[in-house]
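Input: structures, listed below.
Heads up, the next two complexes both have chain A, just with different partners, chain B and then chain C.
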Partner chain A sequence: MAYVAARGGETAIKQAECLFREALGSITEERVCEIQRSLPYLVDRVMGEASLYAPDLAALALAQSGGELSEAVLLLRAYRTTQPRIAYAAPIALDRQLTVRRISAAFKDVPGGQVLGPTLDYSHRTLKTEVLAGQPFTPTPVTPAEKPSERAPPAVAGWLRDQGLVPPADDTEQDSGDIPDLTREPVLFPAPRAHTLQALARSDTGGTLALGYASMRGYGSVHPTVNEVRLCEADVMMPHPKGGHFNAGRVRVSEAEVVSRAQVDGKPILKLGFAATLGWNEVKTIAAATLDLAMNTAGAHPANETEFVLYHTEPIESAGFCLHFKLPHYVTFQSALDVFRGGGAAADEASPEEPPDVAPDDTPVLEEALP
Partner chain B sequence: MNAEAPAPIGRFEHGDALGLLARADAAGVKRVAETVLPDLGAIDVLKSRTGLAMLPCRDSAQGTTFHLGEVLVAEAHIRLPDRQDCEGYGACVGRDLEHAMAIAVLDAAASAGIQTAVIAAFLEQQSDVSEKQDADLLRRVEATRVEMETF
Partner chain C sequence: MTALRDLVRPWQRYSYGFLDESAKRAVRRGLLKAIAIPGCQISYASREMPMARGWGTGGLQVSLTLVEPESVVKVIDQGADDGVNAANIRSFIARASGARTTTDTLEATLIQSRHRIPEERLTRNQLLVLQVPDPEPLRAVVPDISVARIMHADADYGLMWLKLYEQLVQAGRVTQSSSYPSLVNGRHIMSPSPIPRWDTPKLHQAENLTLLSAGREKRLYAVPPWTDVKPLEFSDVAFKVEDQTGRVCERTGATGQFMNEMPLLDGTSTFELSDAGFAEKLARRRAGEAVTIGPTYYVDGELQP
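On to the complex of A and B.
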């Protein structure tokens, strides 16, 4: 790869940034707090894709980026690299966390019942246009029940397992430091399941949805039924220097199990897919759980290839690669153009025509981008 | 830090006490720490920093434990040279170093037997607040319970 000298672009770059930031105006603590308060699901999405739970910083990233999600996720991932890892919290089982929503589309009567929790699933989606005419929209308050719901209803997967409908789960205890970690080691294929689930947890919502949707819609091999969707507030159990763990606070986590029929040796079986992420983001976890089922099953669909799914749903890699194409490629393109011109000249030796109207690259201003 | 298991604070096991302090309103924890602070003597700050705690999660489908993501936490670790090197440790989700330090101060004070009644009373209060918050939330969740029927 060749590079071209940087010359003449510094002022333009500074002014371009000024133009971007000027349009957003002053970023104040109040603005960041308002974003965190009023857009918690967007904040959750950024934290999930950044793989860092820090709601105030995610809100700040959104404020700084003007809501441009790939920039916001990049900001948070970049911040993460400035922080040391100081501990491994104790592993969480989501059926032991404070649960605010737990539903099943596969079974209407599951142990613990179903609580819809905070959702618009069965609501009319209409804009409250009167707000724009100066009339505030004040939501109707919840009428609390007399008794509290079950704090941590059991996992539907466990209920299926008790009935012998799905195979036993691996109950091997593993030291947290020994769990494969794709932030510390490259993903190699076939990927360990821990890498796959970690990658899905931090995957891009849109990319995960696109692949999952394509698979579930019929182009792939999996038509899932939602065994369980759960939103919870999970305890972060930090190790204490004197031993044991204590609860350093809670984080919002979403999880989905999907179930699908399959055949092994001609016998019908039920297969479970699973995904979870930091923050409440149901569409991502349902799509990701579907991909968990689809990956490494037979079929030509891209969702059947773990490598394809994991590489193409990584938000920073995918957005970064796509966006780098807008950066200067003058030398590489010039090279292609030279080949084009040369090939064209050879072919048209007998009757030369005018070359394409492309300006010569004689005053480069920016560093050539790497492909 | 010595390997002795930390003693309970009031009726609360040590881990439960730190958990209550981490979940409590930060301003309240700092206020109690301020009242305890003059009795501690010199304080060596061993750690006062933010950092990441990796949060592993267990997959309910196959039982695989994987890394869900990292959580930003503030942590503080102190020693009291005038109090037989009693130590205190605190950590809380977020970036509030003062909150973490206040937890560590109360942990060290309890370990040194200083103002344990005040700390225990605060824990009792926070325990009530925490239980009420959870109960209120779960009663609101219960209001969304649905009984599905098929026809």
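On to the complex of A and C.
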């Protein structure tokens, strides 16, 4: 039998990809536009986890991956990292942005009012099955309010600060280009706050929710009160070469701020936890803001450890590593089998003048030896 | 008049070798530092690659940084050139660099590998890039990298020795299989990546440079040429490689090299060389072709000096 040169894998991987892509069919501009139009919250989730605001590219990523979320995020991240940094936008002050939704659970009413905005929070979650029978669902038109809500209601935290309930904010001016960038340098611990907030902003929605929920449910020391949840259309202000800034467009931004009681020098105070993401991702920002508070507080729960939270909520790292177990591991397994079988002749070479005190017990061997 | 476009290079969708120049520079800086401090883990940003994390993105970043148009690239996974992921990485490196590819270890100038070192001895003109899933040898005794970092800085390796001793006491032998922790240049304990113990001695006083890169964990480290790499062992319990006694490669008749074991229906096993490029050459020689086969690290299962 002639030895077949090592090329089998190349055809196999090519055809496997063809099978996947053929099942999805042609990807047209219309399909991408339809995804962008009909699934804005899914597009937001992908943009948030990819930390790249580009609704058309996010919709394209969803179209290419057939909606496989971790694939879509990976596509967008891999594209993002090849793009040059041209300039740094000015920081966004959320209380100066076009706010479409802003609620506070901490007070019955707050300056600027409770602005419910677009939400399904109070809807009855019933399927409109008549659509499947050919009867289109047409939403009831919105009745405009007599008095529109404030364009940019003030931050609730501002009132808390004025009252001395939370410490004053650090207003030090910092050049945007000097802020440590998680995508250009590795996170080391203790992590700078910028890295922590960036990691939470691009974290996996499900993972962040799981850890945040565990903390809220009682494993952590944090009992959060939602001080403010806000959805904005934020202006992107870019520096102009001739000085000043110009408005380069708007991005959807979501923010959550939670408060919890804490003690500093024996005195009770309120501590703020904060998270913000590109796109409207409410559940993630609330969970992330809770984790922001929980991290680095005393407690044995993993949500109290920054390193644990940031490493294990990374969407493409966690998904990629989990999926890599599909790769062949037969060499490492062979190595483990060798240990399990006792090393054969090699074992005779050892000079066991004194055999180990404890009788060998086979049970832990394979467990330890397995890669 | 000079137009702006005359002053710049023509626009390209991607840079040479896919990574942009700043990413390559960051990898090169990390590599230089890693070579200067053998076995020490150097953190780097580790860009997202157009491949899933945990699938060789660390090795790939090093390969793409160092590859040149005249390079000859070999990529293996578990020793095999035709592993699906090896094929994928090889075609990506070739596409991004225009470099030629090979399955012959002797011909390769850049070898990216997942969990094997070829059986033919590497020389000074060859670069070995090992993919690393977990760069931290202390992970089993301390899961937090922030704590492990301090232990490395202090050369505080007592827990690691204790771990091996406990294995010995509880199981009658050291049960660490692949990724065998090794002391590099008498200073840093390193995980040689999940290569079998068979391959670990190949790193000791090697003629070639070995670069190890963990993309997901964002760490680079290196074993420079002519550097001591000593697997941790007790003075009275020697380090042992996987036993290959009595195993004969079904395709080539070779013995005394690292073998893949394949179970048979009757409860026995058959064996084949794990190093597929080496096996290919042996098979071709068997068929009467003139093939150059280099000296191997092991002869008849015995490590050669």
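By definition in this document, the second predicted complex is superposed on the first by the 331 of 371 C-alpha atoms of A that agree within 3 Å, B and C clash if a C-alpha of one lies under 4 Å from a C-alpha of the other, contacts with A are read in each partner's own complex, and residues count from 1 in each chain.
In this text, a residue touches a chain if its C-beta (ideal position, glycine included) is under 8 Å from a C-beta of that chain, and two chains touch if they have at least 3 such contacts.
Just so you know, these numbers come straight off a predicted model, no measurement behind them.
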Touching partner for A:Leu132 - first (chain B), second (chain C), both, neither: neither
Which of chain B and chain C A:Ile13 touches, first, second, both or neither: second
Partner chain in contact with A:Phe189 - chain B first, chain C second, else both or neither: second
Which of chain B and chain C A:Gly320 touches, first, second, both or neither: second
Chain B versus chain C as contact partner of A:Met238, first or second or both or neither: first
Touched partner set for A:Leu120, first chain B, second chain C, both or neither: neither
Residue contacts on chain A - larger count, chain B or chain C: B
Touched partner set for A:Leu278, first chain B, second chain C, both or neither: first
Chain B versus chain C as contact partner of A:Ala78, first or second or both or neither: second
Touched partner set for A:Ala300, first chain B, second chain C, both or neither: neither
Where chain A meets both chain C and chain B, residue numbers: 80, 84, 183
Residues of chain A touching chain B in the complex: 47-48, 51-54, 56-57, 80, 83-95, 98-101, 103, 108-109, 113-119, 142-149, 151, 155, 157-158, 166, 168-172, 174, 176, 179-183, 193-198, 201-202, 228, 234-236, 238, 240-251, 253, 255, 257, 272-274, 276-278, 292
Chain A-touching residues of chain B, taken from the complex the two chains share: 1-6, 14-16, 18-19, 22-23, 49-73, 75, 77, 87, 89, 91-95, 134-150
Interfacial residue positions of chain A with respect to chain C in the complex: 2-3, 5-10, 12-13, 74-75, 77-78, 80-82, 84, 183-186, 188-190, 305, 307, 316-317, 319-324, 327-332, 334-339, 342-347, 349-353, 355-358, 360-362, 364-365, 368-371
Contact footprint of chain A on chain C as seen in their complex: 14-15, 18, 20, 23, 26, 43-50, 52-55, 57, 77-88, 91, 103, 114-116, 133, 144-146, 149, 167-173, 175-179, 194-198, 216, 218, 236-238, 240-243, 245, 251, 258-261, 274, 276-277, 279-280, 283-284, 287
